[in-house]
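Structures incoming, each one as structure tokens.
What follows is chain A paired twice: with chain B in the first complex and chain C in the second.
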Partner chain A sequence: MISFKQFILLLRGLLVTLEISLGGMALGTVIGIVLGFLRASKNPIIKYGILVYVEIFRDSPLLIQLFVIYYGLPILFNIDVPAIATAFIAITLYTSGYMAEVFKSSIEAINVAQWESASSLGLPFLYTARKVILPQAFRLAVPPSVGVLIMVIKDSSLASVIGFVELTRMANIVRAQTFTTFNVYAIAALLYFVVCYALSRMGRLLERRTLCSE
Partner chain B sequence: MYTIHFSVIFKHINPLLSGLIITAEISVLTMICATFLGVLLAIVRMSGNRLVYGLSIAYIEFMRNIPLIVLLYIVYYGVPSLIRGFILTPFVAGLIAMTLNSSAYEAEIIRGGLLGIKRNEVESALSLGLTSMQVFLHITIPHALRLMWDALGNQFIGIILGSSVVSIITLNELTYEALGIGSSTSRHFEVFILLLGIYVLLSVVLSSIFRYVKLVFLPPRKL
Partner chain C sequence: MDSTTISQEGNSVIEAREVHKWFGRLHVLQGITFFVRRGETVVLCGPSGSGKSTLLRTLNGLEPIQRGELCVAGHPVTQNRRMLIELRKHVGIVFQDYNLFPHMSVMKNITVTLRKVKKLSAKESQDIAYQLLERVRLSDKAKVYPSSLSGGQRQRVAIVRALVLNPKLMLFDEPTSALDPELIGEVLDLMVQVAKEGMTMLVVTHELGFAEQVASKIAFFDEGKIVEEGEPRKLIHEPDNERTRKFMGQIGLK
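Let's turn to the complex of A and B:
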């Protein structure tokens, strides 16, 4: 069995996992909102450019995206990139692809008449997007966003492969110290489970509330 | 200054092709096993027995809320460490971990499809004189499949993308071969850009197949 000190190490790993996931999710959501609005654009270059962007990040494994950034940034820009930056960039881009889809459908779910009435009242596009559409789209976007967050927390475990010390990497380290393989990974799995299951219950609750208020 | 050269990579295309075959093998086997297990779990979950119901929910929720890579470590390193003399090959360990993971998702998809079948449609068909086998083949299966088709397609794409993780326990599939080519040519960046394209292509092809099959064999119902 592992000692209390090693359990604390795993908890610290969990904290790092949560930090990188929430950080990537926050920035990814901002990018996703912008892309979600731009996707309604009539300009074919913008429209199809965003489509390709979203498909690339949704239709390829996060592991490969991590490798591309891990090997790509140093040679393209001639800089040393720490593992945390690689992980953060990859998770942000990955999240932005999913959040762009979430916001695209939330924005589409809002009646076109609202855009038209706002414009007939003389409100400029950005003002309408920010003050009329976004507050409503946000409410619709919350339940699917919780699903994306759970996915990101689980998939952030892949950043362990490029040497970023989060929960999974910490489990590898503790395993090397103690030689108790099964218990260490089982505890790591349980920690992931507790966080993700709690979030999924919360997501279901929020979903029900959104449905009721419709 | 680094110049990007893809030509070097194309001299090493053979390992990538053999990796692609391993990726296809483990993905297809996972799809078959996970669908089989998923159907079983969905039926068990809908049964009246409270013990199996509870167990199946616990299994589904646990598998859906832990990362595949941790499950892979448990299966490949953890379980053999408990049992003396028990060793799994990377392929078998990968297949088991991916099947355990995907079956939980598929159970939920299949349950959704089965719950969507309308009782009155089955009863009308029976009252028209169809045998229960005919009802099952012509009413139940097509309806349920139509309801779960898109989600099932996404899940199968997820299986292909998820198989890249098995490279970590040294299964020589696509990602593992790419890492090898990267090391021998020092052109990791080009290899992984190419690999990104290959995975996107695989996803697009599979989702097109799913859309085509739905269009031809599961057309929307005319009322």
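Let's turn to the complex of A and C:
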């Protein structure tokens, strides 16, 4: 069995996992909102131009994205990227692709009449986007966003491969100290599960609330 | 637009000349020419799909036209964004489905344009909005959200929201069609009041009672054309055109 101290180490790993996931996803969401509006545009060049970006980051493995940033940038631009920055950038780009599509659907679900009545009142486009459309789209976007967050928390374990010490990497370290492979990974899995299950329950609750208030 | 045409119709708030519009291959407006003078209330009616709502929506640039000339409240209607913003300061529009902003309180729905378009302070905006709400007897609803209002109340708020910028023209796109019958009266009463205060109004509606009460003119639309226009009494009770007569008969039977 692992010691209390080692358990604390795993909890610290979990904290790092949550920090990198939430941090990367927060910035990814900001980018995703902007891209979501562009994806909902009527101009096909903008709409499908952005889709290329979205597909690149959604349809390649996060692990490969991590490798490209971690090993590729030093070669291409001669800059060293530390593991934590790599993880953050990769998760940001990865989630921005998903969040762009989440917000695209939410924005398109808002009746076009809302845009029309805002512009008829003389409200400028950007103001309408921020203050009229986005708050309504946000409510629709919350449940699917929780799904993306759960995915990111699990996928962030891939950053352990480039040496970023989050929960999975911490589990590797503790295993090396104790040689109790099964216990350590079982506890790590349980920690992932508790967080993700709680989020998934919360997501379902929010989903029901969104549906009910329609 | 050259100066001679302006002086001919100098009193007009709406000047439409030979307006054509297509949706794909569908020719929805087939050469509409008509004028609305300052202070007039004009009613557009006709079968659904005849193009009357489309015409109304071209007047504040919501629908672009492909041919012809439109001049509204002294501004040429184009698709140039800056010119549209200028035009829309002078043109209020009320939709069938109210289109209030559901996440804003009644007060916020009204003040948002005062704050953002007229750049008034929060205090000034609220005072103006409150006065208008008082006039339509909805001041007790200032803090609630649209979802807790009846359809009639929502539409009255939508009318106030459009009036708050002091437009030169108010457009109404079937303002009572989505309402339960018992709620139509309160909306029409408000529209009558607005008309009597001298507002220039163009109203797409089948409420002929309203037309008879305040309209100076009815234009009857069919298949993308104005088939007949004239004084409400005459157009409702003894129209010249066969199609108008048939339509008035059908509405009257309801």
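Keep in mind that, in the parts below, the second predicted complex is superposed on the first by the 210 of 214 C-alpha atoms of A that agree within 3 Å, B and C clash if a C-alpha of one lies under 4 Å from a C-alpha of the other, contacts with A are read in each partner's own complex, and residues count from 1 in each chain.
What we mean here is this: a contact is a pair of C-beta atoms (placed from the backbone, for glycine too) under 8 Å apart; a residue touches a chain by one contact, two chains touch by 3 or more.
Please read these numbers as outputs of a predicted model, since none were measured by experiment.
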Worksheet item: With chain A superposed, do chain B and chain C clash or fit?
Response: fit
Discussion item. Quick check for you: in the superposed arrangement, does A:119 touch first (chain B), second (chain C), both or neither?
Written reply: second
Worksheet item: Is chain A touched at more residues by chain B or by chain C?
Response: B
Practice prompt. Once the structures are superposed on A, label A:135 by its partner contacts, choosing first (chain B), second (chain C), both or neither.
Written response: second
Discussion item. For A:182, using the defined touch cut-off, is the partner it touches chain B, chain C, both, or neither? Pick first, second, both or neither.
Written reply: first
Item to complete: For A:168, decide between first (touching chain B), second (touching chain C), both and neither.
Response: first
Item to complete: Report for A:56: first if it touches chain B alone, second if chain C alone, otherwise both or neither.
Response: first
Worksheet item: Can A:68 be said to touch chain B (first), chain C (second), both, or neither?
Response: first
Item to complete: With the two complexes superposed on chain A, say which partner A:197 touches: chain B (first), chain C (second), both, or neither.
Response: first
Worksheet item: First (chain B), second (chain C), both or neither: which does A:150 touch?
Response: first
Fill in: Angle at the Cα centre of chain A, taken between the Cα centres of chain B and chain C once the superposition is applied, in steps of 10 degrees
110
Worksheet item: After the two structures are laid over each other on chain A, how near do the C-alpha atoms of chain B and chain C get, in Å?
Response: 26
Item to complete: Under the touch definition given earlier, write down the residues of chain A that touch chain C in their complex.
Response: 111, 113-114, 116-125, 127, 131-132, 135-136
Worksheet item: In their shared complex, at which residues does chain C touch chain A?
Response: 60, 62, 81, 84-85, 88-89, 91-93, 95, 97, 99-103, 112-113, 116-117, 161-162, 165
Fill in: Of chain A, residues touching chain B in the complex
55-56, 59-61, 63-65, 67-68, 71-72, 75-76, 78, 150, 154-155, 157-158, 160-161, 168, 171, 175, 181-182, 185-186, 188-189, 192-193, 196-197, 200
Fill in: chain A contact footprint on chain B (complex, rising order)
1-2, 61-62, 64-71, 73-74, 77-79, 81-82, 157, 161-162, 164-165, 167-168, 175, 178-179, 182, 188-189, 192-193, 195-196, 199-200, 203-204
